[in-house]
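Heads up, there are several structures right after this.
Next come two complexes, and both contain subunit A; in the first it sits with subunit B, in the second with subunit C.
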Partner chain A sequence: MSHPRTLTFAFMEPPFESERTITFFRLLDAALDRDVGVRVFAYEGAVALTFARQQPHGNAVHGRDSAEEAHPLTKDWVQALQEKARARTVGFEWINCGLCVDERGVNDVIEGCGRGGPPDLWRYATDARNTLTIGTR
Partner chain B sequence: MSQYLFIQSQDPFTESRTRHQFDLIGQLHEAGHDVSVLLVQNGVTPARRGARTGSFDRLLDWGVPVLADTFSLEQREIDDADLKDNIGLSSLHVVIDAMLANGKVIWH
Partner chain C sequence: MKVLQVIDQAYRTTTEEQDDTIVWLTRSMRGVGGNLMILLSGHGVHYAVLRERQPTLTLGNWRQTQPAEIPRDITELVNSGVPVYAVQDDLEERGLGDLPLQGGVRPISRRALPELYEEADQVWQW
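What follows is the complex of A and B.
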């Protein structure tokens, strides 16, 4: 079934490495602003974006503890987007590539994020209004 | 005729492949397609007045619509007045609008 108000995003960037991750999350946020359903297929390093055991840390160089540093965690950003989607009553789905998860040992993911494979990306892309693939370069 | 929106995140001063990316954008424009560009991240750097990037400046000369992400500009302390002529300001919502309009949205 086609979803005319759903967009798919394929993303492969790991957390904490690149400005692309920030732009990617901003794009998801912009889609929700437009009351558009979002589907994400995360593969390669991006499967760690939803890793539940991410931990904030302090910054000894600047003399700040963990609370003062307020280190951003991508799992929290995903949760915030899930909540925003619920508030706007639009869909927000997230599937991690299972092979990529196993390679990295990041099986423990936050609630609401699933495990799948390339056929899910095909399904997401086929059903969605449009798809954007963000490469690492 | 197809609609293209290129999200240009790479900058020509550190990524030599951007010349080919700008060439592709220009060729699609010359072929009559509806092509526009959104500069994000370090992709905004050639938009600064005085930045010398022939392949990018040609797109402006040809009238290819070029927008710059305000967030990326602010991060780099580039003001509207610092931009070359014919570069507009935009949020990322333009990407969502293009996708909803069935445009071909391509990440560079």
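What follows is the complex of A and C.
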């Protein structure tokens, strides 16, 4: 059954390397602003976005310790979007490609993010109003 | 639902993953009944004329044993019922226009692309 208020995103970029990652997260945030449910299939490097062991660090060049630097972490962004979706009572689902997780060793993911495969992307896309794919460049 | 997968890059991750990751994704979704088509455009048209398996990577004592085999993957995709198209104009721009296409790959002109896109419910540009 199609959910007209749900969008599916398939995303391939890893954290920290690409401006496309920021754009992707801003699109998710904008969808939630409009009470549109979001389903994400994280593919290839994108599975590291939810890796639970991401750690903030200080930055001597900036002259700031870890707390002051408050370094952005993509796992925190995902958590923030999960909370935003809950507050607005719209759906927010996230599935990582399991094979991609294994080959990168990023199995330890934050709560609320699952493990799956291409059949999940097909299911997400079939149910969604539309799907946006963002590959690596 | 019918999806058109547009692949406009060639050899992305083919060494590390030992396949083209979008071709692989398509084969996997086809395996669960997905109705898909593939359009090779831009540099992606290289796959349409590829004949050989990817060379083996060797780094120090480490030697790859299962390099990507794109021609086989494309053939199996076609055999599984996924139409694969290659943009003829992009082949010609790259000097590949006179080479025979992989079995089952269909040439398509740029001018015909709107009709192909209209056939799909969703277009996934990778």
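One rule holds for everything that comes next: the second predicted complex is superposed on the first by the 137 of 137 C-alpha atoms of A that agree within 3 Å, B and C clash if a C-alpha of one lies under 4 Å from a C-alpha of the other, contacts with A are read in each partner's own complex, and residues count from 1 in each chain.
We take it that contacts are C-beta pairs under 8 Å (C-beta built on N, C-alpha and C of every residue); 3 or more make two chains touch, one makes a residue touch a chain.
Computed from a prediction, not measured in an experiment: that's the story for all the values here.
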item	value
Clash-or-fit label for the pair subunit B, subunit C on subunit A	fit
Which of subunit B and subunit C A:130 touches, first, second, both or neither	both
Contacts of A:118 with subunit B and subunit C, given as first, second, both or neither	second
Which of subunit B and subunit C A:36 touches, first, second, both or neither	first
First, second, both or neither for A:91, with subunit B first and subunit C second	neither
Partner chain(s) touched by A:19 [first = subunit B, second = subunit C, both, neither]	first
Angle at the Cα centre of subunit A, taken between the Cα centres of subunit B and subunit C once the superposition is applied, in steps of 10 degrees	60
Which of subunit B and subunit C A:44 touches, first, second, both or neither	second
Subunit C versus subunit B - closest C-alpha approach in the superposed model, Å	6
Contacts on subunit A seen with subunit B and repeated with subunit C across the two complexes	130, 133, 135, 137
Subunit A - residues contacting subunit C, complex	10, 12, 43-44, 117-119, 121-122, 125-126, 130-131, 133, 135-137
Residue numbers on subunit B that touch subunit A, as the complex places them	9-10, 17, 40-42, 71, 91-93, 95-97, 99-100, 102-103, 105, 107
Complex contacts: residues of subunit C adjacent to subunit A	1, 3, 9, 12-13, 21-22, 25, 28-29, 32, 34, 122, 124-126
Footprint of subunit B on subunit A - complex, ascending	5, 7, 19-20, 23, 26-27, 30-31, 33-34, 36, 129-130, 132-135, 137
